[in-house]
Structure formats: structure tokens, C-alpha cells
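Common to both upcoming complexes is subunit A, partnered first by subunit B, then by subunit C.
Then we have the complex of A and B:
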């Protein structure tokens, strides 16, 4: 029950926020899903991957295309966006079944992500090319999502459900297998756990969560463009997971909340964005490789997680 | 004839890919780290040359030597200052560190460069060479000559000199090398420096024939990986052959199918090779049976 205290407290935010800060809070909710989804692969599975922006993008494009071309309402596109993300996660990682691991698998995900971005740019008829695709006004079971506050409550519910689901998943057989593969794949395989399949499964689950985040992102921003899912975005995803805490669910949430608003400050200064987030990664890797979650757990033992080492 | 002409210009491009892939291989073999920031080192090489030539007005050859020397130092500093210090951590940390410094380099380039794409003034004002109906540009000749000389020097050094034997020992077993009195740390630093410097040569050679922008690094990283994958990871000769094959394949795909596909040839090569023949053309087994 303690788990639900945070979203309950967060429900009061619209009382004090102006539309701009409310927009930022909504963006944080989107990035919470991005970070916890990515963390499942990067932190829990311990597998380097570059496909996260691709999964985010395919969710956003699936949502936007279904709404713009097929006229589906918003609530109906959330699950298809997640499924599209999961399918992309499957394709990005399917070579794991052939024994491709670690760096080589990371390189495949890098190639796959760039391939997808290329197809957004060149699939003009469906995606609008480099100009992007405008997302029609969203409604949620008849409720018009035209204010930041309305979006906030819908997003909050979706994010709470998904984070809780991941929380449960990590304590299930699947979650334990994923963490065990990170710690020692050979030992895990010796327990008759098909490690290749679990690696693919982790990518699929991560793709589902990040794909849904993509559809929320599309509705929040109102336009999807290929540029939003490139390498510039990728460093933000990496930074959120690492700053929050590799392998910590709570850390993913912390990282997203801490970093979402920062890119706004670097608008007018070309290059600042990359220098700042690159530098931030370097500092955390050198000084605090377990991220903010480890600090939080040291100060508040109640925040300790079972499958996460703070060392 | 058309195909031959395409293959020829592909070889010039491929020679640069070969150099980039070889330089990535050097770091990978010597330190087991796969450098995900390597493309940005190549970009930095091109960028520094541009600065020296256009802003400082130095001659091209002097700028090139300065750039390669600077990148060597940068490589050593990265290994000793960043990579060495997280040795105890999980291997994913190395990769993240490489990604991080790559982004920092890209950010610095963007901050100095702004948002424009910069053309470098032509360096080699030589007439093209005609071989029957084939045309070889002077740029291509310079690239062939430079890459050829470097490759021969590198392979002689690695396989025929005593320093090369030390490097081979390190590549085979770090602990064994340390036991016979080799300074492993120093050599890691040197190998990072050599890798960065070789990559910088790629950047220097590509600077006069292409438009420069900070995003160049990412595309070189993928091209380098594609060449390495094609040749087989960890094989120096394979990286060179892979680079040349990739260069030719890009031009053929561009000439016969669609120029749009030039950009994604490398991605497709990576995915297809790792899915169908993970060890590449000449590589050791990388797929582990678990």
C-alpha cells in the first residue's frame, strides 16, 4: 500500500501548478515510463542497448498514425502503441537467440534504432517525413484531453499502473531470471533457465512500456518528428537511468523527475546539451555509479529494494 | 564500366572505413573495451584539422600531424583519466563512459561550430588520373596512398617488431603479460592513444572530401562497426577487408538501387551479418553457446 502514497500525493500537483509547470510534470510522467522501461534492459538485465529511442519513437508513431490516419480515439491506441514497441523490442534483440550477447547485441540495437529512424524520414506517406505528423486532439472515453490537468490525471493513472506492474514483475520468476542473467548468465543457464529467451523477453517488456510512453509523448507534444527520437534524445535516456540508479525501479523514477526539465535550459546554446549530459554521465560513473537511488536508500532505509545492490 | 567506376570510388570511401574499423579494433583487442565513442574521436580529428587550416591558416600537412598528435594525447588521457578509474565496476560502465565522452566531444564541436555544415577548402589541387575510361580523383589517390602506407606500417609494427610482440602478448592475456614484466597500464594508455590517432587519421583524410558536421561521429561509429562485423570482431585484417567491402557495397547499392539506401547499407550489413554469420568473414567465435 505504501507504493500508492506517491501517486496519491502527486494527485495534488494541479492545485499548485500553472499550465507550464503542469506540462513539465506531464513530461516527467512520460519520462518515468521511458526510464523505468529502459532500466529493465540496461540495469536489471545488464545489457547495453541503443534501441530505446527507437522503441519510444515507434510507440509515438503508432499512436499518432492510428489517431491521424485511422481516426482511432486516444484510449484505443495506448495498447497498440505498447504492442508495436514490444514488437520492435523483439526485433532489436532477436539475435540474442543466436547467441549474440553484450557489445554485439548492443551494436545490433544501435543499427536497428537508426534503421527505424531512417524509415520515419523516408516513409513520408505514413509518417509525414521530416516535417512530422500532427496528432489530432485526444479524448479519453469521451473526456476531452485538451488541458494539461486532464492529461495529467490520465497519465498519472497509466504510469502508476505500469510502474506497479513492473514492480510486481521484478519480484516474479521472470524478474528474478532477468536479474540472475545480469549477475551470472552461465550459472543462470545451469538452472535450466533459457537465458536467450529471457533476454528477448526483457526487451519485449521494456518495449511495451516505452512504446506506451511514446504514445503519451505524441499526445502531449501534439506532433511527432523523426528528430525527437535520434541520438540527442538517447543521451537523455541514458542519463536518466544512470543518474537515477542502474537496476533500481525507484531510481528510474528519480532520474526522470530530476532530468526532464533540464533540456529546456540549453535551448539557446548549441552543444551545451550534449556536453552537460555527457559530463553528467562521466561524473556519475566516476563518483556515484549506483545513482541517486543508492544515496536515497542510504538515507532512508525504507526505500531499499530487494533486487538492487546499492554498493 | 559503370560498376567499375562505382567500385573505385567505393574503395576510396572504404579505405577510410577500413582505417576507422582498424583503429576501433586496436582498442578492442588491447583493452577488451568496445569504444562506443570512437566515431566522435574520428570527428574530432576532422574538426581539429579544420580549425588549424581555416582559422589558424596552417598548411594541411602540418595541421594533420598536429591533429593526430593531439588525438593521441586525448586517447591516452581518456584511458588513464576515465576508463582506468572504473576498472573495478561492471563492464557496462566502460561502454557508458565511452558514450559519455563521445557526446561531450560532439557537444564541444557543436558549440564551436554552431549549427552550420562547413565545407573545407580543397587541399589537393591535383588533376584527376584517367585509366582508360575510369576516373580516379586526386583525393582518392591521396587516401589510397595514406591508408596503404599506414596499414603496412601498422601490420609490420604489430607482427614484426618487439613492441608488437608486447602488444600481442597483452591481447592474449593481460595477467600473463603482467607476469612477464609488461607494464599493462602504460600499454593500455598507449593503445588507446594509437587507436585515437589512427581514427583521427581517418577524420583528417575525410575532412577535405566531405561536409563537416558534429553528427559525423555517429555515422563513422556505425560504419566502423559494420566493417568490423563484416570482417569478424577482433581481426585486424578482417576490419580492413570489411571496410573496403562496405565502401564498395554502399556505392553499388547507391548506383543500382537507390541513393537513399547508401545511409542504411551499414545498418543492414550489421544486422544481416550478426543474424546469419555472427563470426563475420575472418573472426573468432563470438556467439557463446550457453
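Then we have the complex of A and C:
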């Protein structure tokens, strides 16, 4: 139950936030899903799959196209966006299962993302090409999502449900199987754990969560354009996982919040953000490769990532 | 009961095992000895599905297991340890043992996602079982330590605990005594005897140390160049001229 204290406290944010800071908080919620979804494959499963912007983009375009072309309401497109992301995740998992791993997997998944971006640009009739696609006004079961506050509460519920489900999953036999594969895949199979099935599951779940994040992103920004899902975006996703903590759910949340807020501190100093961001990545890679979550766990042992639950 | 009939394994033309027949039954420790490269670990890999057979059959309780994948063979009740250590280094001892109980935890996917009462009860039961195992095998104090921070001897013990967690009828131990100090070796012998004696497990043990084999094994199979050259009680093997030849003859 302690878990729910965080979203409950967060529910008070609109009382103190102006529309701009509320927009930033909403963006943080989107990126929390992006980071925890990415972390499941990168940190927990330990696979260098860089399809995350592809999953994010597929979710965003699926949501936007269903709303713009088919007139579906927002609440109805969330699950299809997740399923589209999950399908893309499944493709990436098949690549990994065929023995394409490490750098080869990284290159193949990067190319997959670029291929998708190319198809957004050239599939003009469906995607609007380089101009992108405007997302019609969204509503959630009759509640118009035309204010940042309205979007916030809907996003908060979705993010809470998904992160809680992942939290349950990671502290179960499934979460243990996934990190066991990362630590020693051959030995995992020797314990009667079907490794291939769990590799597919991790990729599919990751795609589902990141795909849903894409649909929230589309609604929040109001337009999807191919440039939102390029390499720079991928580096941002990667940085969130790395700075937050590879393989830590809590770390993913921290990283998403920290790196979404970061550019705000450099608004008066053009060019400084990019320098600081690059430096930050290098420092974390060299000095703190397990991220903020590992730092926090050093001070508060209760925060250490555990793969079982007492209750 | 495990039975191997004329098992052969070859890698790219090199014959690693040739027509090996062997059996293992519950409550009995059978040691596999022989010089490096004799094919002992290959035999383990063949039994557990990590390398394919080029000829022969392997059956567990009368049912063929050759051709199955490692996790399927493990699901039939075969557990093994690895010569180079098969633990999950980032996980604690407790989490490692819980992974060994994976197939014993009956919880549905949706039950786990939504934290259902029955899924949580299944996980709780496994947790209690894992703690009890660590305690009964004398390593309860290591439960919450990440295994990467443990000594080699502690790691080998945890790996054995993890391997027997699901009460397998057959256990394959690949050089469990490597790097162990003498007092720990005595403990290991005692542990192996308990696994066979109290739990009724059939144990196959690859081991180089003659003293440990003499103390732990009920029977010894001697390998050389991929062939089983002799088999019998430990004392007889020690005096067998064929065995002495294999170890000492060609130098």
C-alpha cells in the first residue's frame, strides 16, 4: 500500500502548478512509462535493444491515426497503441532469440527505428509525412482532456496502474526469471525456466508499456511528427534509464523525472544544456553505472531492488 | 532412475564421448573421474540437453529425454551445477534459491500482475521454503547477501542449495570442491551424503580429488579419452591397473 502514497501525493500537484509546470509534470508521467518500459529490456533482461523510440513512435502514431482518421475516442486507442508497441517488441525479441545479440542487436534495432521513421515520412496519406498528424481533441469517457489538469489526472491513473503492475511482476517468479536470464542464461534453463518464453515476454511487455506512453505523448503534444522519434530522442530515453538506474523500476521513475526537468534549469543559457547532458552521461557511465537508484539504496537499504515480496 | 545407452557425442569430427553406458539410482552417489578432457563435463552437458547426442539414448524413469531442450529436461527433475559457477551474481542467495523453485510456484500471469491473493500466497510459500532450505543446509546467514560478494566455497554451497530446492530426483555436481579449503571439503562430503541419504537423490559427481571421491561416492566410473574404461566400488577402482594406467601411465 505504501506504493500508492506516491501517486496520492502527486495528485495534489495541480493545486500548486501553473499550466506550464503542469505540462512538464504530464511530460514526466509519459517519460516514466518510457523509462520503465525501456529498463525492463535494457536493465532487467540485459539486452542491448535500442528499439525504444520505435515502440514509442508506433504507439504515438497508432493512437494519433486511430483518433484522426477513424474518429476513435482517446480511451479506446490506449490499448491498441500498447498492442502495436507490443507487436514491435515481439519482432525485436524474435531477432534476439535468433542469436542476434549485443552489438548486432543494438544495430538491428536502431535500424528498425530509423526504418519506421522513414515510413512515417513517406507514408504521407496515413501519417501526414514530415508535417505530421494533428491529434483531434481527446476525451476520456466524456471528460474533455482540453486542460493540462484533466490530462494529468488521466495520465496519473494510467501510469500508476502500469507501474504497479510492473512492480508486482518484478517481485515475482517472472521478474526473477528475467534477471536470471541477464545474469546467466544457460544456468537459468537448468532450473526448468523456459528462457525463450521469458525473453519474448520481457520485450512484449516493454513494447506494450512504451506504446501506451506513445499514445499519451500524442495527446499531450497534440501532434505527432517523425522528428520526435529519432536518435536524439533515443539517447534521451537511454540517459533516463542509465541515470536512474539500470534494472531498477524506481530508478526508471527517478531518471525520467530528473531528465525531463533538467532542460528547465538551462533555459537562460543556450547551448549549456547539451554540454551538461553529455557530461552527465559520461559521469554516470564511468562513476555511477547503476544510477541514482543505487546511490539511494546505499543510503536507504530498504530501497534496494528486491525480486521477491514479503506480503 | 537415469539410464544412458551407448551415448556418443562429437564436435566437428572430434569424438568427445564414445558409446558410454551409465546409470544412476536414487540414494546413491556415483562419481565420474578421469583426466581433463576425458569427457566428463560433456557427459553432463549431454544428459542435461546442452549438447546433442550423435548416437545413443538417455532415459529417465524409462522415458527418453535425449532431444529435449535444457529447460524441458530440468522440468523432468534433473538439476545440475556448473564447473565455472552457475549462480546469478547480482541476486542474493535467497533470490537464487527462489529461482530454483520457479516451477514450483503456481501463479498465473494475471494473478501476478494484479497481485492476486493466490499468486501472493504461492510466492510466500516459496519464500518460506527457500529460507527453510538455506537454514537446513547451514547457510541461513547468507540469505540476503548478493552472491557476487561471497567466497568461492559459499557460492558453491548456494549453487547446490538452489539445485536441490525443487527436490529433483537426479542431481549432477560438476567439480563442487574446486578451490575449497579442507574443512569445507569435509562439510561438502557430508552435504552430498545427506542429499543422497536423507533426500534420496541420485547424485552424479564429477570430482578430481581422490580423497573426496573415496569419502562421498558409493561407486566410481572412470573415463579416459571419451570412453568409460572402468566402473566399480571406490576401493576397487583405486587398485585397478587400467585406472592407474589412465592416470599415471602415459604421463
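Methods note: the second predicted complex is superposed on the first by the 290 of 311 C-alpha atoms of A that agree within 3 Å, B and C clash if a C-alpha of one lies under 4 Å from a C-alpha of the other, contacts with A are read in each partner's own complex, and residues count from 1 in each chain.
The working rule: a contact is a pair of C-beta atoms (placed from the backbone, for glycine too) under 8 Å apart; a residue touches a chain by one contact, two chains touch by 3 or more.
All values derive from a computational prediction rather than experimental measurement.
Of the two partner chains, subunit C is the only one that A:165 touches; subunit B does not reach it. Shared-chain residue A:99: touches subunit B; no touch with subunit C. In the superposition on chain A, contact of A:195 is made with both subunit B and subunit C. Contacts of A:142 after superposition: neither subunit B nor subunit C is touched. After overlaying the two complexes on the shared chain, residue contacts for A:268 are found with neither subunit B nor subunit C. Of the two partner chains placed by superposition, subunit B and subunit C are both touched by A:186.
Taking subunit A as the reference, the larger set of touched residues comes from B, when subunit B and subunit C are compared.
With both structures placed on the common chain, the touch criterion links A:110 to subunit B but leaves subunit C unconnected.
Put simply, subunit A uses residues 186, 189, 195 to touch subunit B in one complex and subunit C in the other. Residues of subunit B touching subunit A in their complex: 34, 36, 82, 85-86, 89-93, 95-97, 99-104, 106-115, 214-215, 218, 221-222, 225-226, 229, 233, 260, 263-264, 266-268, 270-271, 274-275, 278, 286-290.
Taken in their complex, subunit A has these residues touching subunit C: 165, 168-169, 171-174, 176-177, 179-180, 182-184, 186-195, 247, 306-311. Residues of subunit A that touch subunit B in their complex: 42, 46-48, 94-95, 98-104, 106-108, 110-112, 114-115, 118, 122, 185-186, 189, 195-196, 231, 235, 238, 242, 246, 269-279, 281-282, 285-286, 289. Per the touch definition, subunit C reaches subunit A in the complex via residues 48, 50, 69-71, 74-75, 79-80, 82, 86-91, 94-95, 98-100, 102-103, 105, 107, 109, 112-115, 119-120, 123-124, 126-127, 162, 166.
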